[in-house]
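Structures are listed in the sections that come next.
There are two complexes below, and they share chain A, which is joined by chain B in the first and by chain C in the second.
Right after this comes the complex of A and B.
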């Protein structure tokens, strides 16, 4: 490792994070399931395919438009299991809270975690709590771990050219909501606060489509840190192919566009916390999108395709083309 | 989205590109158009327009990114102030540029270097730290200078005497003249900066012997400006035309110029890569000397060399494009920049790195 200290970028989830994990953690942990660095680990328990995932939550602010750290800590881990093709079943939670934290806020956070789990059909089965001195945890930190079971038949085929890219809903709303909550950019404007909401949600609504189209779905990833662009870049690298997205097809709400426009942030790099990117075989997107819409994912859309070549690129709304690169980072730390 | 999407409508873009192709074909030779504003550079990359233009039409990036044209000695002097105990307040991009010795403001703790969205916040910090000297890095063009002038005026009115502004502000028209006179740049026409033009108006460019089109920042705005310049070339004309009438008035914004020239006066200034350009800077007037960092700390700046191998200076003059530099994408990246054009989110090298070149994973 070249750096002497941990940097903020090491937590953004992009190249720097990968380097930190690859250079320091993987060599000493050295486990085939962990080495894959997937959102959750696929484990064989007798004949069953079990998924196991863990994630720490340090979002700031703790209460943001559309959700809070409790809901996020549950939905985030559920979605990591779903991204690996699993149905989430059980969750554990470790809570680190500061001395002096308001009991009312603590209660709200735990209640929204419980509500999110309940509505996603997941049980919170164990937990731990530690109290630390004021200032040691920026209010509250939560770590959750989750267990699920792989849905049969998914991800059988490898990615190949002409495969199609789908996103299950409008992008960038979590990243934009957090940015807005921290900077009050749109405060007092006409459309203002009522429409600004994070998309944070457990994606258990995808189970139906995942089962029905298990033979056609080749890959899933939730576009959290680094947004849609980061997923496209990782996918291109992993598959050794090019991922071409179409800006016109990517669903995005006006308020997100407006906020991105004012601040100069590229919304393709802003996080979602309730969306999934799905890669399916050629010609299969139409059916999958239809099924998603029927299950309440009304903004689901086919947004691009896989081609031979390398790297991620974007056909712009204006009709031009550009690369999606790691040079563009929406540098908003502590979004989840 | 209303008033945004219309300006990147693919049909309108295709229509303009058709016209631009026709005109370029008619001209036949290589045409070199310089977009002076960093936001133009960025939006050309972001909208993917560069690849859609005809072969013989080259868009060059000019000296329109304020951070990029700030000379290295300014940064060294800032480091000196910092070492001397002052709190530095600045817009974000300045903190990431290495000085001649490789030091960056971003390496200092947040208590010593604070980056602001609004210059007015510097006054708040000054009030909260009465025992400290608060220096605001005044970097920008006709667009940002009026805001900072208003802040200096307020500091005077409210007697906030531990605040001062280190002005490296610059104005555009003298730089355009220098570029037009630079034989190696061979610029056929200038896409003039929309935001600067809001302040100085079309009239602000009077007296310059150049082809110019004042252009907005959306794809169709940019292409309309390009088309205008090509028409001037085919018609053998040289004039300044306002293609951004929804924002720019003939005479500009007099209220902004009034506060600007209440506090600042024209001065000579050094531009990175371009050297000294007479009358291209904005110095703080004597009445406000108390809030002028240069006067207050008795600073004298002498020219310092560019980082070795860095071609930012040539990029800024349109003599080369970023991939021509041997450091580009190799030892110079946004994560680890050598020159300022790679740092700034409006810098030409940064824009090329982000949008125009494929990236190999290391």
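Right after this comes the complex of A and C.
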């Protein structure tokens, strides 16, 4: 590619667009469906029960400690399919980019999207690029959609009291990393902080546990926007029960706690982009957590349980109870 | 909805987002999958051979004579699935909107997206909303993805000389409408022009002909960005043959010709958003055109044929030949 910047012609759908696709995208997103450059991709699925999901990504900054918008756009949609009980198989990507965007950065983003898909066993099979005038979009936006195949037997039973709540890893790292990156809080600048890396990752490592414990897992959701608190509140509302989390049990890194302490942000509301909240039947958390740890989710923990009543609450480390309320309060915008 | 404008909280994924979805989107996009507000939708497809497509929409202006970005985002992705030989079944929509966007306009766009889906027999099953700061996006961008079921028997044979070229309706109306709207060329301002309406429409009306003539149809593509000329050139390159179009046979409305004449824009390069180019075996065009006309495609016509050689050309009304070259020349940006 001779050009240093995205030109408006790159979005006309003509020769420049084809060149952009052939020179940058095809070599990286290496699969037969994408190669054909057709209007849509012909796919073969193993089951007629499929899952379909979409999310738009507008994260700022585009590159952040631990990842970038390309990786996030792929893993985020994969995780939405997994949360609904599917194995993610195919991804589409619609890119909106402003004229003048650096081709080198464009390339890096496509490469990291492709790498994330590859490592998660997912094919990027179709895509689209639109170029808008300088300033008409903030750099680059990516909207992905995904197709997954349903894992048999999952989510057979409804949620009931005494069900247990699990999280697959330490929380709030994505939100904290974005906050830190955006506010130029660098290592050592503030006592107790380090460069926090986002937890962004596709959760395909969960498939083993999902299949093994398909009779026991009742619900899953990835705690993205609104964090663990938002998932707990939505779950309580949906189930018509109360969700009681234990502060002591929630895995969270010291440096995330430090940042939260210094800035006054509640880490329970900070987004994860590589964690899953799992609800399982009473007494089943121990086995599931063990299975998760064996599959590399070393911080996985049982963090609470379902009770009669309503709303979400936190049993604090000091032994008190704090009710979680919905995040009308301004959180961090454009974290994903 | 009490608010007049989209607020940044509407994109946080918390209570404001849920309110926006529950009050504006669910009542309009009325189907069980969307109602559940899950991370992804569980769907049942009839065949394991599915088609998957995505496109981003950044059209400017958002409302134009004949349609708006909501209708366009739905019909465009439906048409991409149809072009590949599928019946469109499910659509996802990822919306990126700037803070301060008028709720009334947001509503109109969602309503026209939903209406287009309904009339095309397609369900909008999942979606996402991201809100960015004022000015970080130009109003609203919509990226849709679609899933279709393959129609059996289509595209069995490769393209060969003497195959015939059909277009399902008059060309260039979408591109001309956008150009006219953007340049405030109003009815009567210039001699020979009227308010040109976009041809934007889902092409589900083609299913009957596609099924009836599945043994004869060899290729389809909707002439969007780059218009009829771009499709002819791509087809010639793909097939390793030449595509000869007849200027006299190409259906185009007088007022589109008028606008083209006055502005110097070549209408062969102007986008359609509700037309399909169909390649069929020798001698089959007559029956297909008759079938199309019977199904309401009153301007459908046989417009050319495939020959040995390469490149795309136009037999002019005066009897000459003009070679079509790729549209590196600036066309109209953000027409879709």
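Operating definition for what follows: the second predicted complex is superposed on the first by the 274 of 336 C-alpha atoms of A that agree within 3 Å, B and C clash if a C-alpha of one lies under 4 Å from a C-alpha of the other, contacts with A are read in each partner's own complex, and residues count from 1 in each chain.
What we mean here is this: contacts are C-beta pairs under 8 Å (C-beta built on N, C-alpha and C of every residue); 3 or more make two chains touch, one makes a residue touch a chain.
Predicted model, so just to flag it, every value in this text is computed and none were measured.
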Tell me which partner A:304 touches in the superposition: chain B (first), chain C (second), both or neither.
neither
One more residue to check, A:125. First (chain B), second (chain C), both or neither?
second
Between chain B (first) and chain C (second), which, if any, makes contact with A:66: first, second, both or neither?
neither
For A:81, is the partner it touches chain B (first), chain C (second), both, or none of the two (neither)?
second
Touching A:326 in the superposition: chain B (first), chain C (second), both, neither?
both
Would you check which partner chain A:264 touches, where first means chain B only, second means chain C only, and both and neither mean what they say?
first
Check whether A:274 is in contact with chain B, with chain C, with both or with neither, and answer first, second, both or neither.
neither
Chain A residues touched by each partner, larger count belonging to chain B or chain C:
C
Examine A:92 and indicate which partner it touches, taking first as chain B and second as chain C; both and neither are also allowed.
second
Under the contact definition given at the top, report the residues of chain A touching chain B in one complex and chain C in the other.
9, 326-328
Using the touch definition from the top, list the residues of chain C that touch chain A in their complex.
8-9, 11-17, 38-58, 80-81, 83-86, 90, 92-96, 125-133, 135-138, 141, 143, 145-148, 150, 221-222, 224-226, 230, 326-328, 330-331, 333-334, 336
Which chain A residues qualify as touching chain B in the complex?
9, 183, 237, 248, 254, 257-258, 261, 264, 266, 310-311, 314-323, 325-328
Residues of chain B defined as touching chain A within the complex
1, 4-5, 8-10, 13-14, 17, 42, 45-52, 117, 219-220, 333-335, 345, 350, 353-359, 361
